Amino acid sequence: MSPLFIFTETPNNNTQAREGVEALLACAAFDQKPTVMFIDQGILQLIPQADQIGSKNLNKMLQALEIYGVESIIVCANSLARFGVKLAELKPQGKLITLSERASIIQHAAWVACF
Amino acid sequence: MSPLFIFTETPNNNTQAREGVEALLACAAFDQKPTVMFIDQGILQLIPQADQIGSKNLNKMLQALEIYGVESIIVCANSLARFGVKLAELKPQGKLITLSERASIIQHAAWVACF
Amino acid sequence: MASQEAGFFMASFSICIKAAPQASGAAHGLEFAKACIAQGHSIVRVFFYGDGVYLGLKTQALPQGEICWGKLWQNFLVDHKIDAVVCIAAAVRRGIVDAAEARRQNLDIDLLREGFVLSGLGQWIAANSTADHTMSFG
Amino acid sequence: MASQEAGFFMASFSICIKAAPQASGAAHGLEFAKACIAQGHSIVRVFFYGDGVYLGLKTQALPQGEICWGKLWQNFLVDHKIDAVVCIAAAVRRGIVDAAEARRQNLDIDLLREGFVLSGLGQWIAANSTADHTMSFG
Amino acid sequence: MALHLLASIDIECVARCRASLSSADSLLLLGDGVYALQSEETLTSLTAATNNLFVLAEDLLCRLPHLDTSISVINYAQWVQLSIASAPVVSWY
Amino acid sequence: MALHLLASIDIECVARCRASLSSADSLLLLGDGVYALQSEETLTSLTAATNNLFVLAEDLLCRLPHLDTSISVINYAQWVQLSIASAPVVSWY
């Protein structure tokens, strides 16, 4: 069983998304093989962003997740539909799941953190 | 034209509702004759609460609004319906309005503050 | 009050910031305020309320690649000599104390950025009454 | 790890507080932690993250009739000698500095409540790995 | 099975929690989550997801002191026991 | 007429702003509000409420750099002018 991170927030609105990613990377650095699941507004973190002066591009950090040892990336298909986003537009793309699979993924996690 | 305060938050979740009430009272103290409008989760501020040790009862502050010079209290009927709350359960009760009246109330305000 | 100067219509603004330092409202408010000044309009006062009071905390240290909005606000307010009031009730409740408030806790410190002062909600109400336009962010 | 002692099943908890001081999660976490200890369970560590780091700011002064959750957390953690770690990255970004971090800014102050220490996210991950149960609040 | 903590009455947060629950999981309403008991529609949606529904006594008494409810009212000590009996615990704030 | 600032894509916040608008009012999407342009359903609902719809250039370019939109893209200077031409200004964050 591995830890599960659930990301539900937009990338730029405040520090929550950024601090979620920092926590996820710390978990991976301790070789815990975390899974990350993007749901609701969280899927908007996966849309490539333009660089802004003086501000780290959160999406670029997400594109490097695999390099940092986060290999299991899950995306909620219903949330994509809500925002009219196609999987091909996302970076990284991750594995699509339906709502009916979500509860089981949570049940099989060692522990869960929502950001 | 008078200032309009719009309250949209639950009473106890954080400081937002409390700081909204404090701002409203300050406005009334400067004799500005503010109007206050409770919408969405904000109508839950009007449900009488039990006293808790060490914590000010926000609803009791609202019950004293008239004494402090806040005479125009407006409550969204649709928001009451959403939570299954009847006007008779509220303190203070305020004046019920429908959604169609809201835009006009906002347009006629000197300035608007949302909490 | 609105005034006609050199052929332009000049307006005055009262601005309230309720957004925490890294929340989008802190940036919106600052860029809006800069655009006001750039067009020759005036800002009666900037009032920091709610989590916006954290913008006045001088000990923030952002990692490389993140903007310190409190510092940028301070630079702007000082450069343009704009009245910057941090709500005293909201600030003290959150631990943002100036020298006088720290002294009540027997602490010899001042956590408020230079150029900001602690004062009451009346300052916000008064600014809203005076200004042509009242805006709030966050 | 879970252990059997005096006929009771004893469990260990790792607790993370992400709620700001006056948000409901700060109260939920504290009352939950007290109930754990009252039942003889153990708390590996309390890790303060996100806006929860403000609970470690010692200059908060609440008006009469409002609870200072940071002070109550401090009392509980010190009384029960529970390891209390405030995330250093989240804290410094928000201006919650201990003496060492203040010194980097040439300030001779320490804003962290006694009983709390600044440290990294690894402390949270390690606690979660060790404890039987991981909980987060806020 | 999992224990879900719902501490908000925000439409989006309630829907998110609801969509993450299976019938084998437990759900504890706390903080602003207790207002779910006030809204017929919200409560029906949550009870359709799981029968193992609980509400935290202290928050119910503070927020809705006059409400009668048929779901299990528990205190902090019982919440600790429920957490120990469940895995994992998920917080929706 | 009023100028409404919508800085959130949260379902509840969008619905609240929508319900507070009349067709004579203006609406500026900024911050996370720009994501309304990404959601067909949200955008349709907002344009049904008012034709005077604007989006803040800086936030659109940061959040949805590749999106084509037919609504008016304005900068901070134009936002100041829009604010002066409206009364009151209402913020939905």
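Note that the chains are named A, B, C, D, E and F in the order they appear, and that numbering of residues resets to 1 at the start of each chain.
Please note the rule applied: contacts are C-beta pairs under 8 Å (C-beta built on N, C-alpha and C of every residue); 3 or more make two chains touch, one makes a residue touch a chain.
Owing to the predicted nature of the structure, the values given are computational and were not obtained by experimental measurement.
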Chains touching both chain D and chain F: A, B, C, E
Reaching chain F from chain B through chains that touch each other, fewest steps: 1
Centroid comparison with chain E (C-alpha atoms), farthest chain: C
Shared interface numbering between chain D and chain C [over half = same, under half = different]: same
Pair of chains joined by the greatest number of C-beta pairs in contact: C-D
Chain located farthest away, centre of chain D as origin (C-alpha): F
Centroid distance [mean C-alpha coordinates] between chain B and chain A, Å: 38
Rounded Å distance between chain B and chain E, as computed from the means of their C-alpha atoms: 27
Chain D and chain E: spacing of chain centres that average the CA atoms, whole Å: 24
Whole-Å separation of chain centres (CA-atom averages), chain C against chain D: 31
Where chain E touches two or more other chains at once, by residue number: 10, 12, 31-32, 88-89, 91, 93
Where chain B touches two or more other chains at once, by residue number: 12-13, 15, 41, 110-112, 114
Contacts with two or more other chains, residues of chain D listed in rising order: 20, 22, 24, 66, 89, 93, 133-134, 136
Chain-level touch network, classified as line, ring, star, complete or other: other
Chains touching one another, given as label pairs in label order: A-C, A-D, A-E, A-F, B-C, B-D, B-E, B-F, C-D, C-F, D-E, E-F
Contacting residues of chain C [partner chain A, same complex]: 20, 22-24, 65-67
Interface residues, chain F side, partner chain C - complex: 7, 30-32, 58-59, 75-77, 79-81, 83-84, 87-89, 91, 93
Interface residues, chain D side, partner chain E - complex: 9, 11, 13, 18-19, 24-25, 28, 31-32, 34-36, 38-39, 41, 132-138
Partner chain C, residues of chain D touching it in the complex: 20-22, 51, 54, 57-63, 66, 89, 92-97, 101-102, 104-105, 107, 109, 111
Touching residues (chain side chain D, partner chain A) in the complex: 14, 16, 49-50, 89-90, 93, 120-122, 124-126, 128-129, 133-134, 136
